[in-house]
Structure formats: structure tokens, C-alpha cells
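In this document, chain identifiers A, B, C and D correspond to the written order of the chains, with residue numbering beginning at 1 in each.
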């Protein structure tokens, strides 16, 4: 489960909004072997899949839509952010929390099982190439789509991360992130004070923004948190992107299950998002 | 029912023991389809999203998302819920309206090399007819499917499909607006589906499609709220297949016009069940979400079944229960 | 709705933070049940078959297989088919008639220490009433459930449940025959379930149970025949749960009498969904086949849920959507 | 997969018709570990389960009703005859043919998996205790419920077996049966002549009945075969029992899915059968 031996595709500034299924780096269906699957903390697990196409084509912030194996009565796929991807080995990693029947069952899937995956999907993060000082804010498993983003910045970019969790044992990605983000830039918060600061992420975000200016903020986690971060970013006139979750049926833009209200009209979280400009979203 | 299709009138030439090809063509009330498989309206966008998975001309036809005269916003989130072997949706026919459809979708659809069935929505009979009138000059349109069965809008939709008189009236008005194949899509949420089917046949429909979704509900016990913002929604997927099959079987006996069958079809075997019950063609709906390759896989599977069973023309399956 | 049940009128005594017991009692139109869980008629025999798995007094009531005036033979084989998350049955109310029921089943049922709801069938209103009249002197009987909703017989059954007038007439005649709690069981195969519910309420029903099975069909493609000998049958199991929930929700708003909810219930969470939608009690049907321990497991699970959520009386769940 | 090291409960002549679920040797629900599961021939597999209660209480001819693991949309259980049972080790064995979704899936269930089993169920074989010369007739997997019966006879009973299969490679139980039934009494037929006589079992049954009298016949297999055997038995005034298959929902007598027409009225295959007197059945 050591992440540091993996390399990640650099962020592609040309990562435009995609209408999926039209060739290029567009979503494909891959039947993927499970390399490994196990708990990292209570109710938080990591699954590693051999998914060469996704691994090669995935941009930070994109997700995969996977079919739950051996759950034939659960006919809908489940969306998960790509946490890590290694184009060379063809491996991708997902972090997931057990919140319902599908994710509970996923924990029982063992090495060697086949999983039907569609990916990579959606609009990923789009930091301005000129950004020099950036802030990533992840609440709970919201850190998952931020890891590839953290890895994508050039070394001359100062990358800060505010990482919040309920408690110390749920701070699952601290070590891998430390490859890219080190002490003074790594800000930990826990709800119970068992690690880092005893507060919500938003408190730290506010302090950081008050202390100095950032060029770009990316946030993922509970929607209330993202909304609060977006408001702070707006106050400080800082470019901010959020990553929104919606119930998804098709996951590829066809069914209109996953609408997000924006100032540009209704948008699909699956292909117009999941990453949106914070200013665009009508919260 | 499809005797008037010359392309498939060659049984006498076929040596049953050496069947190597199957005539997959069907005639759905004047709409010639290269194979009997289309998609369920609203489950396939307007096709673009699936074009990366397979060439869309592997389908017998594309059926579009519902199109209304003016833009419709649809319902609030959440719009879907998963249920046992099924799902509920309350999308509410969100669509940008017929002008935007003509400008943004039709040109691309015209390039797909496959007939386009436009699914038509309205709040009243004249709104349906207006959409058709607007599309009459668009050569990319091959047929219309009147959705008088959507359970997810308050006014119009399913209301039209539960009353024979209203179903008759809206069909008749649309019939006057077009000579293109006119398919009317029925709701299963009725006591007697045959009565409605006979009404739309009498009003001049060329074909009937069924079933639309079954009205259903899901509740989140922890939050003590309906899962869907709209509270109720339409049930689709494998769960409803037995209901759909029964209705096809009943309507096939009640009307002479051909049927487009749908409701939970996932496999070629499912599709063949619908054809045996009386469907001339079938649509893949919710299964597109489970597996985007469902539709072409079903086409191939139907062909293989016909080869195995020495059936030279797929149209022979229609109503062919022993 | 059940305010008149003194046994459960003690909210003021309960310290919400230290809830250790839950009052599981409910009053289903005069039938006092120790907990809200009974079984679906026809899925539990007359109880004997399940008595080896658990003591039947863990149920709130036993509901018997349908009983008619004279013996009924039922339908030909095959009588069942499996479908996605469901099954079709066309048993056809096979039963040895009310005399045999009284002689062979009631004495044993009387020993179970749990209310007995007798499910009553007939070909016409007076046949239903005759069964009730015969049972009026039997003290082991606690309540009647009129099955005016069976899709598996040609004459009677569902025919009564699809027309408000007929539903009214049969209910009224039976009402005149008994002062015991009279439950009327409705079919989901109608355009407007509330209309039928209002009719049977007006005719004097004490409670309404719903839903009976949804008319459906399955086809064997290799044999090219319907799987069921009777061709169509009744769909039950998890597949129909969303349909059942929606109907409970609608009927709860339309009538004042309590509801016995059923249709695909497998877990305590399912049962709670039905109660939140408006059911006073629930029945476990097809799930008995999947797992014979379902009913007592559901009882325990409802109790645990109430404990967790600090709900002192299970009856507070009824209609308690936020 | 060697059967000979197992012992079997003797046939209990008191094996009366049971109303299940009333205590005693009545059906119970057991959660059983899979000990082993694998193909014996094309589309024929054997599964071994740790099912102590069934193993201890099962009579020859009874069956178990099992829930297919990991097939949540298939809500009905599947009935299978108990082929072998060892009260000491708590093991039971089932033979099954892949004919549909459930049995296909069952082949993927591996050692250690848990299967929910109800059993033992039904009326087993009831040979007269006085029977001295008996004939067992098994077509295809119809041999499964005959094996425990074969093992149950005292050694002074002359037990003949006619075992029919499509072809030699599908004669899966020849060896285990040979523990109890040896050469002159073992009659093999195949549809293609690849082993034993090139004919149907009924031909051999007819010859045997013409040659000498039997006290008891037990048959299981395709219903047409059983009907033909029953007719031959009736002709020769020989007591005959058949074992009938019906689609079953509950499997314990409650739902009336599984009716068999008999001269005593409709009977449930699950608890009034599956073994019926051949004379009782209205074919």
C-alpha cells in the first residue's frame, strides 16, 4: 500500500470539457483485475485495479464508474474518484468509504476478481498554468481526487494542503501526500483534536487566506464544506474549483440524473463536472 | 403485420439446414429498421454519449430524449434511486426545447446512418402537435414517438395515457400533423392497457411502444424522507420486465398495429421474450446504464439465436409463441 | 389513527435518552397486534410449516392461505417462475374449503397464541360472505382479510378489486356478516388505487391491505411458451417494493382507516419504509421463501431501529415522513 | 472425491410423511461451509458441504433447499437431492447439473464460502423392510438420490441398479455405487453406446422384470423415464416408488407451487414427496 513508488501523469492544461465517448482520452469500458483491496481505517478502504486505459488517460479530478461485481440486483454503477494512477504499470487506485450496500459489498471483492470499469470520466481540475501558490482542501475522502492534482504541479509551485478528518486514525493519506507537500505546507485538522488542529478545515482555510494570497484553490469533501471554502475564496477573490457529488445513473452524460445548478444553466456533474468553478455553482 | 416489407419476403429461398445469415430487418409501422433494436427514450441522451462505445449504426434506430416545444427544467435533485433490480427516476423530461434540438442535436444525428425516432413531449395536445409540425421539415427525423406516459410531470405526460379519450385526442391531433410513422408510447399504470391501445390505434397511430416506467417510490428511513425530491418516480429495469411482457402480450392480441417493446430488457433472451409476446422491435433502456454495450450485444445475440434455431427472418419471432 | 389503543398511550412516561423498551403494539382497525408484523396470505401455508423455525407468537398475527366456501383446485403446473428480484405465481387459491380449514387448521392455529387473520376468497360477493358466516362462530379467528385482488382466478378475485362499485358491494356484504375487524386487500393493477380504497372504506372496511401481486408474465424462449401454465401470474418480491410503497403512500392520504402494507418486504428497513409511508402493520410474503426467518428478524430489526432512534412506540412510525 | 470412506445412516422404516418444521428430524436452516466444489464431467459438478444437522438427520431420497450465494436477484432457493451424507464428519454431498443461471453460478462458489441450506426435506424412499430383491433405476443425475438408498439395504438384500447416461463420460457415480452393487447387479446403459448397453434404461428394466421378480423398484430421472418404469412395474405388479421434480418456492410445504396430481388428490412434491408411490401418481 505504499504509494511513493508510483509516478503520475502530469496535469494537462488542455483538459477541456469533454463530451465523452468521442474518441481520444474519452471514457472506455475496461474489465479490470483487482490487484489488492483492503481497509486502511475503519470503514475506509483502498482498492487497486489493473486498468491500463484509465491509468494512461486519467487527469487529476476525473473518476471511474464501476459495476459492483456479484451484486446483480444493484443495477447502477458506482462513481469513485481516481486517487492514483500509474500509466507505466497500468494500475489505478481508488479510496472508498463504506456507506451503503454497494461499498460494503465492495470490501468483500478479492484479488483477482474482475471489475467492469468505465473511465476516465469528467472534467478534472483546471488550475491556471500560471498558478504559483495553490491551496488544496480535502475533507474526509475528499482528499482522494486531490492527490493526483498535488502530484501534477511543477516543483516551483508552492502547494498547501488542508486535510480534515474526524479523527487521527482516519487521516489515511497523510504519508503519500507528504511526497509532494511537506510540513509547513501541510495543515491537518480533526473534529476531535486527535491530530493536528482541533477544528474544521474551513477555519484553517480562513487563516491561510487571511495570512497570504493564493492563486488557486481546489476543494473536495462534504458539500457544506466546499460551499464554505468557495465563499472564503470569493471573499479573497481567489480562483476556486469544487468537486461535486451527485447520484449518477449513466455516468457519461446521457441520463440527466446528476444535475448541478450553475449560472450557466443546469450542468451534468458527470461530464460537465465533477469539477466546477466555484463561482459558477448556485449553492 | 409486416408482410408489406419486400426486403424480408424470401423464406422460400432459404435452406433451413444451412442458415448462415438472418434477415434482421423489421418494419415498425412504416419505419424500416435494419434490426429490431432501438433504445429507450431518455436513457441514451441523443446518442453522442454512446458513440464512443460502438458505431450507432449497429442499432436499428436511435430514439431521442423527450423533446418539447419550449425548454423544460425537469425536477429537483435527487432524481434517481436504486431499487431491487431496478431504479426510480424523476428526471421530468428536462430538455432544451425543439429549436435547440434541431440546432444542436439533429445535424449530428443525421450523420449516424440510422433512423431517428424523436420522442415528443407536451403539456397538452397542441404542444405535442407543435413539436411535430416544427420537425416535419427536418429530413433527419424518421418517426415520432409520443410520450403520453411520463409519470414525472404534473401536467400532461401520464395523464394522457391513463384515459382512452385523451389518448385518442392527442394521437389524432398529431396524426393530422404528419404522415411519418407515428408511435404512441403507453404507460403501464392503468387498469386496462388494451383499452388505451385500441384508442390510439383508432386515432391513427402506426405503432405502439410500451411500457414507460411504473410509478414507484423509495424512502430513506434514516432521513425519514422520500429518496426522490419529487417523492414518486418511474420504476424501470429488470424488475419490471414481467409487467412489460404481460402488457405486450395483452396489447398484441388487442390491436393490429406493431409494437415496440421495452421494460427491463438486458439480454438477447429478454428481447426475444418480448418479440415472442408480440413486439416487432424492442428498446434497451435502463440497461444502457448498467452496461453501455447492451444494445449491440442484444442485436448480436438475437442474430445468433435465429441462426441456432434456423429462423431466417427475425420478424418471424413476433408473436410466435407456440 | 391508533390513538384509541390505551396500551400504547404512555409517551409522557418515557425518558427519551434512556429508552430500553419499545412498545411494539399496533391496532389494525380493531385487531390488536403485539407487533406490526404478519405474513402475506399464501406465503406461509397456515403456519405449521414455519413453526419449526421459530415460535409463531413472535409474529403480530398469522394470515392464513386464502379460504373459499368449497374446495378449489388451483391452476396447472408450472405455477411459479423466477424473475429479477421477484417471482411470478399462479397458484390460483388452491384450498380445501372452509369446512376442511375449520376442521384441520383452526384447532392448531388456536394454540399458537397469536391473532389469526383468515384470508377469504370467493367467486362472487355471497361466496365471500358465506365463508365469513361460517367462521363467525369460530373463536380462533381474529379478523378477516378479503382477497378481492387475486390475479390468478378467472372469475372473482382481481375483478372485484379493479372496479370501485364491485369492491364496495363485496365489502358491504361482508361487513354485514361480521363485526370482527374486516380488512380488504387491494390489487395494484389499477389506474387509481385511491379510488378503490375510498370505496372499500365507505363500505365499512376496518383496514386495507395492499398490495396483492402485480400481473406479469415470463416466457421460455427455447420452448417458445409462457413459463406458467396459466400464461400470466402475479409478480411479488423485492422487485415490486417501490410500487407497493407508492400505493401505500397514496392510499394513506386518501383514507382514514389503517393500512397493512406488503410487497417485497425483506428487511426491517423495508418494513419501516412501509410504516413511514403510512402502514400501521406490514406483511412478509415472498421473503419467507428466500429465508424462513425473515419475519422474526424483521420484528427484531424494527425494535432495534426504534431503540436507536429513541422511538418509544412503534406506532409513531406510521405516516411519519418528514 | 472418493466416496467409499463415508458411512451412511441406515434407512429408517419409520420415515413417515412429515409435516416439516415440527421438531424431530425436521428441516432446519443451516449455514454451511463449502468443503469442495468441482466438475465431475461436462456440466456435472459435485459440491461438498459441512452440514452437520442434515448429515445426521437425512434419509435416503430427501433433499436440501439451498440459497444461491451472491445471486441476490435470484430470490428463490434451489432444491437438490442429498447424494451422500456422513453423520460422523457432518459432511453432505450434492451432485448437480448446470442447466440455468443458478446452477451455472453455483459452479463458481469456492471452498470456504457459506451456503444457506434448509434440510433435510421431504418424504424419502420407503422400501418395505421385507424386500429381498430390489431394483434401482437412475437416469442421468437421477442416480443422486439412489446412492444413499443403495447404501441403506442390509447385505442380504439383492440390490440391482440400472444406471443410464447420455455417454460414458457422464456415468459419474459408477465407482461409488460399486461399493454396494457389483457386477452382475450393475446394469449400465448409454444413449450413444459408449458404455454398457446401447439403449435406454427402460429396455433393461423390462428385461430384468421379465427375467425375474423384484420386491421393490425405486426410480429417479427424467419424468418420461419414471413414467415408463412405473408402467413396467405396474405390469409386473411390483411395488415402485418414483421421485418427482417440481418448481419449488418455499420447499417446505407452505406455498403450493409444487403440486403433483395423485389419486389421493393434489400433493406437494416438497413435503408429501418428492418420493411417491408410482401407483398414486396420475401421470
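Keep in mind that, in the parts below, contacts are C-beta pairs under 8 Å (C-beta built on N, C-alpha and C of every residue); 3 or more make two chains touch, one makes a residue touch a chain.
Note that this is a predicted model, so its numbers are computed, not measured.
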Which chains sit in contact with both members of the pair subunit B and subunit D? A, C
Where subunit A and subunit B are represented by their mean Cα positions, the distance between them in whole Å: 37
Whole-Å separation of chain centres (CA-atom averages), subunit A against subunit C: 47
Subunit A and subunit D: spacing of chain centres that average the CA atoms, whole Å: 56
Can you tell me which residues of subunit B touch two or more of the remaining chains? 84-86, 237-238
Pull out every residue in subunit A that's touching 2 or more other chains. 72-74
Could you draw the chains as nodes, link the ones that touch, and say if you get a line, ring, star, complete or other? complete
Under the stated contact criterion, what part of subunit A meets subunit C in this complex? 72-73
Along subunit D, where are the residues that touch subunit C in the complex? 19-23, 26-29, 67, 72-77, 116, 118, 246-259, 266, 271
Within the complex, subunit A is touched by subunit C residues 84-85, 238
List of subunit B residues in touch with subunit C within their complex: 83-86, 88, 162, 189-191, 214-219, 221, 223-226, 231-232, 235, 237-243, 245-246, 249, 264, 269, 272-273, 276-277, 305, 320-322
Can you tell me which positions in subunit A touch subunit D when the two form their complex? 70-74
